[in-house]
Amino acid sequence: MDLLEPTRYAFYLLFTGDPALWRIIFTSLYCSLAAIALIAPPAVALGFLIAIVSFPGRRALVVFSQALLSFPTVVVGLVIYMLLSRQGPLGFLKLLFTPEAIIIGYMVIAFPVLVVFTLSAVQGADPRVHETARSLGARRLRAAWTTLFEVRFGVMAAVVNSFGRVVSEVGCAIMVGGNIAGLTRNIPTAIALETSKGEFAQGIALGFVLIVLALGVNVALSVPQGEGGMK
Amino acid sequence: MDLLEPTRYAFYLLFTGDPALWRIIFTSLYCSLAAIALIAPPAVALGFLIAIVSFPGRRALVVFSQALLSFPTVVVGLVIYMLLSRQGPLGFLKLLFTPEAIIIGYMVIAFPVLVVFTLSAVQGADPRVHETARSLGARRLRAAWTTLFEVRFGVMAAVVNSFGRVVSEVGCAIMVGGNIAGLTRNIPTAIALETSKGEFAQGIALGFVLIVLALGVNVALSVPQGEGGMK
Amino acid sequence: QELRLGTTYTVEDSGLLKVLVPAFERARSIKVRAVLAGTGQVLRIAEKGDVDVVFSHSPADEEKFVAAGFGVARFDVMYNDFVIVGPAADPTGIRGEKDAVGAFKKIHARRAKFVSRGDDSGTHKKEQFLWRSAGLVPKWPDYLSTGQGMVRVLLMAGELQAYTLCDRATFSAQRAKAGLEILSSGDPRLRNEYGVIAVNPAQHPHVNRQGAQAFVEWITSEAGQHLISNYRIGGEQVFFPGAKSRR
Amino acid sequence: MSIVALELKSITKSFPQRELLRGVDLALQSSNSYVLTGDNGCGKTTLMRIVAGLEPASGGAMRFEGVAIDLRRYPETLRRMLVYVHQQPYLFHTSIAHNIAYGLKMRGVPKHQRELLVGEAIAWAGVGHLTDVLPHKLSGGEKQRVALARAKVLRPRLMLLDEPTANLDSDARRQTLALIETLRHEDVTVMIASHDREIIAMPHVERLHLEAGRVSAA
Amino acid sequence: MSIVALELKSITKSFPQRELLRGVDLALQSSNSYVLTGDNGCGKTTLMRIVAGLEPASGGAMRFEGVAIDLRRYPETLRRMLVYVHQQPYLFHTSIAHNIAYGLKMRGVPKHQRELLVGEAIAWAGVGHLTDVLPHKLSGGEKQRVALARAKVLRPRLMLLDEPTANLDSDARRQTLALIETLRHEDVTVMIASHDREIIAMPHVERLHLEAGRVSAA
């Protein structure tokens, strides 16, 4: 099977500004970036808290959050579908089969990922970071910020990972988005469609497009990540 | 929609030893655990190496590995499908639509996850860990092992995350495994099937079964993770 | 107000949807959002009122859907037929068999490799109907129940050099890739009916009743039927207009 | 007229396996300097960390400048009045200047004034030639100097210095002794945990000895 | 009959911004003890780390017991012959006993002998009452003692001690001085980087001074 031709064609469409392809790309980026931007602050904060506050059941909570990483995204999609369905409790919002529904799903999927990896990064930080900040007069919030900044490599890895998860998942996006052309079709659901048509090469070409986009996003995200964390 | 009933039924089947359900569970666990067991050693080693050896292009390699986290699993599935297909270069192995094909796919999916998060964990480690080990006479390999043991919390987070990724993914497993009942059907592909049949509640119930399993695996994995990393 | 059309992958995969939707949008100035899903899934989301009109091919389920009050009425739109395909070598010798049930009996007798959709789709329902008609229960090691879409099942059958039941449109589109041949066709029991149903506004007051009505009218009208009969895959007609004069 | 800056009443600290502090009573007069001596592991660091609100005490009471301090809900305002310098200081992985500026920023000192103070502090620490070196690359003594400068620049009411001279060369040690002398005149109370004979022998520095979980003047 | 244990020839080390070591020449006689003095940041730690193979030199040559050492491909065997104790030692997050046993394990010392040696070392470090405390909870001085014990137990040919007494109380310091004395008689060469006057003033300890990137006997 020839991969070169479809890939070249996909990039050709990309650069000639094929509106259908760009619409798909836009939906992918818009939904995943919006979801991460919305959910990262609370999730990172929670991961930080679990890492530094010790309370009974903390260890169990950590293991449970880790287990949530195994939750299939399509099940997240199913649950959100049932909530957003016209008959569901949130049906009145009319969010089903819209990009916003996908964003909600992505937020749910990204949440445990961000919590677990922020936790892991903060856990690995030198406890003196937080103490030094506090001792120099930083209030709780500011000290937390300083600590997160010291482990920025790990926190950005968490963000990058959650982005990777949502931007490449298909189960939830197809379930709550409906894979509607021109509205909720994004790169993975488009790949699913190509695959279901037997157009495997096209699917792989779209995968390459996604990787190039992800590379761009990661380069952008790696600027704040910096060399600071590198020893 | 009633969730309680199907969930109760799923767990009923589980405990009454319904062979079809247990077969699905077995496939899920066998493929994901085998893949992680096979790929974790080289991937963790590579992540370690990238973290401690500095060479030109290292930073670019890190960003690239992170971008690989965004690669849709179905595309991994497509590529492996084409390799294992009858006309493909590895067709003579007759691996397509077998659990072993799924294992190969899982290994490819887990690889960058393990590399990136091992890297991130080792990066965050105190550089004196490795130096102390070396200075006390540990050879390279042993010193690496000691370092990984010191950051075991992070390394286990990497393992747990890669397990979560593969055990919940559907694109690759369905593509190279074929979702064959009694052979390559696993929990996520069974969920996909239930979903396509409109049996949403059944799908969600299977999702709960998966979470319970993941919890078990995570508890088992968290024993070596230990409190050591907790400060 | 836009119209939400719930339809199955088979319709999209054949390429027909890309012809029908824009034509309808132009004809009636109604924006269509096509939601794609498996057959069971389409009916389920329609049942919950999340789409306005359904276009699928599983007559038995569709009748049940209407009977339960979820749909206003079911109308025939078009049909094609299913074909039994398999490897050129045809180890069970069903080539040219006009009787689909007879062909299935031979496959069963030889315990030949057979890939089943296994997903309760229209195609799967048809397959089950044929096994039932043959008085057989399909259960042997090389009878593979896969739970996948038509194209993937066809390609799987190609990979495994197995038999399968496939609709003609999909087979025409994938013939080259699958490397299988039509071995048995023409039995009237292999007819594949596509129908359209407007979701019942009595159950779901919020649905786009006018839009759904317009779609049902248009697709069963002269214009819609004409488009269907003119649609070609590789020069081959794969759908046949089937709308009876509307009751 | 001597005001009590810090008063501790029967501070205790125990671990599951052992009782480290068994009732520390202590009163530090304002603007005086104290050196806390005691064997390794006797609890000097722990005691200072309790005072600084970095670790909970198991029991006891504390008053700062006459005000009772709830050790379980350590007040934010108190954190701005005292500063603790770790035995092995941690420098943020940013820059020397950012490290020294950090506490000033927290106190809302305006930028131009901050820059002035940071410049002075860098010169005092003798690391002017290292401003573009990442803080974690500094030598042990340099780190300690920067940490000291970072605390000194805040002019707190009470300074808790944990073995401040442990890694210092003779010049820096002399400078630190001078700093302690200066702080005394600037109305800053200083408590130093140290094994350094020069510090212990300093004039105007009162000696406190921690042994068997209790503090006694020595 | 004095054998040269370690010989350094024009060792240099430069950073993009500065030249730290400008050609260090050095010869340590076997079984002798040396103290390396010099201002903070003069390069003591860096020099010892180069010798221990923890950091690359920019240039120069090294011989150990007469054998030329390729500093770019630091030989594994040499690692077993010398041991470097960090200025701020790191203890593995396992247990005190495991920390001390680590180097012995690497050298293949059998279990029963290892246990014996570890027991002795724990007693020497005076941390027998802390065996069930996690190493990172130890006090600064306790950590330094354990690190010293962890190195001492290996009986290397050359010991590089970076400020070993910085956080020690007077007892432990005395004990360390005694250790240095003992090692001299046990045919171990010792090099100590230190600002500690007591160490610098020890009899039988030769003084080396690092200044402006060069070492001179002082």
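In order of appearance the chains are A, B, C, D and E, and numbering begins at 1 in each one.
The rule is short, and it goes like this: a contact is a pair of C-beta atoms (placed from the backbone, for glycine too) under 8 Å apart; a residue touches a chain by one contact, two chains touch by 3 or more.
Nothing here was measured: the structure is a model prediction, and the numbers come from that model.
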Shared touching partners of subunit A and subunit D are none
The chain pair joined by the most C-beta contacts is A-B
Per mean C-alpha coordinates, the chain lying farthest from subunit B is D
Note: subunit D sits from subunit B at a C-alpha centroid distance in Å of 48
In whole angstrom, the CA-centroid distance of subunit B from subunit E equals 44
CA centroids of subunit C and subunit D: separation to the nearest Å works out as 79
Chain centres from averaged Cα atoms put subunit A and subunit B apart, in whole Å, by 18
Residues of subunit A that touch two or more other chains sit at 126, 195, 229, 231
Touching at least 2 other chains, the residues of subunit C are 37, 45, 149, 152
The positions of subunit E in contact with two or more other chains are 88
Which chains touch? The pairs are A-B, A-C, A-D, B-C, B-E, D-E
Per the touch rule, the subunit B residues reaching subunit C in their complex are 85-86, 96-97, 174, 178-183, 185, 189-190, 192-193, 195-200
Residue positions on subunit C within touch of subunit B in the complex are 37-45, 118-121, 144-149, 152, 156, 158-160
The residues of subunit D that touch subunit E in their complex are 15, 17-18, 38-41, 44-45, 87-88, 126, 129-130, 132-133, 138-142, 145, 162-163, 166-173, 195
Subunit A partner, complex, touching residues on subunit B are 1, 59, 62-64, 66-75, 78-79, 81-82, 85, 87, 113, 116-117, 120-121, 123-127, 151, 153-154, 157, 160-161, 163-165, 167-171, 175, 187-188, 191-192, 195, 200, 203-204, 206-207, 210-211, 213-215, 217-219, 222, 227, 229-231
Within their complex, subunit E touches subunit B through residues 52-54, 76, 79-80, 83-86, 88-90, 92-94, 102-103, 106-107, 136, 150-151, 154
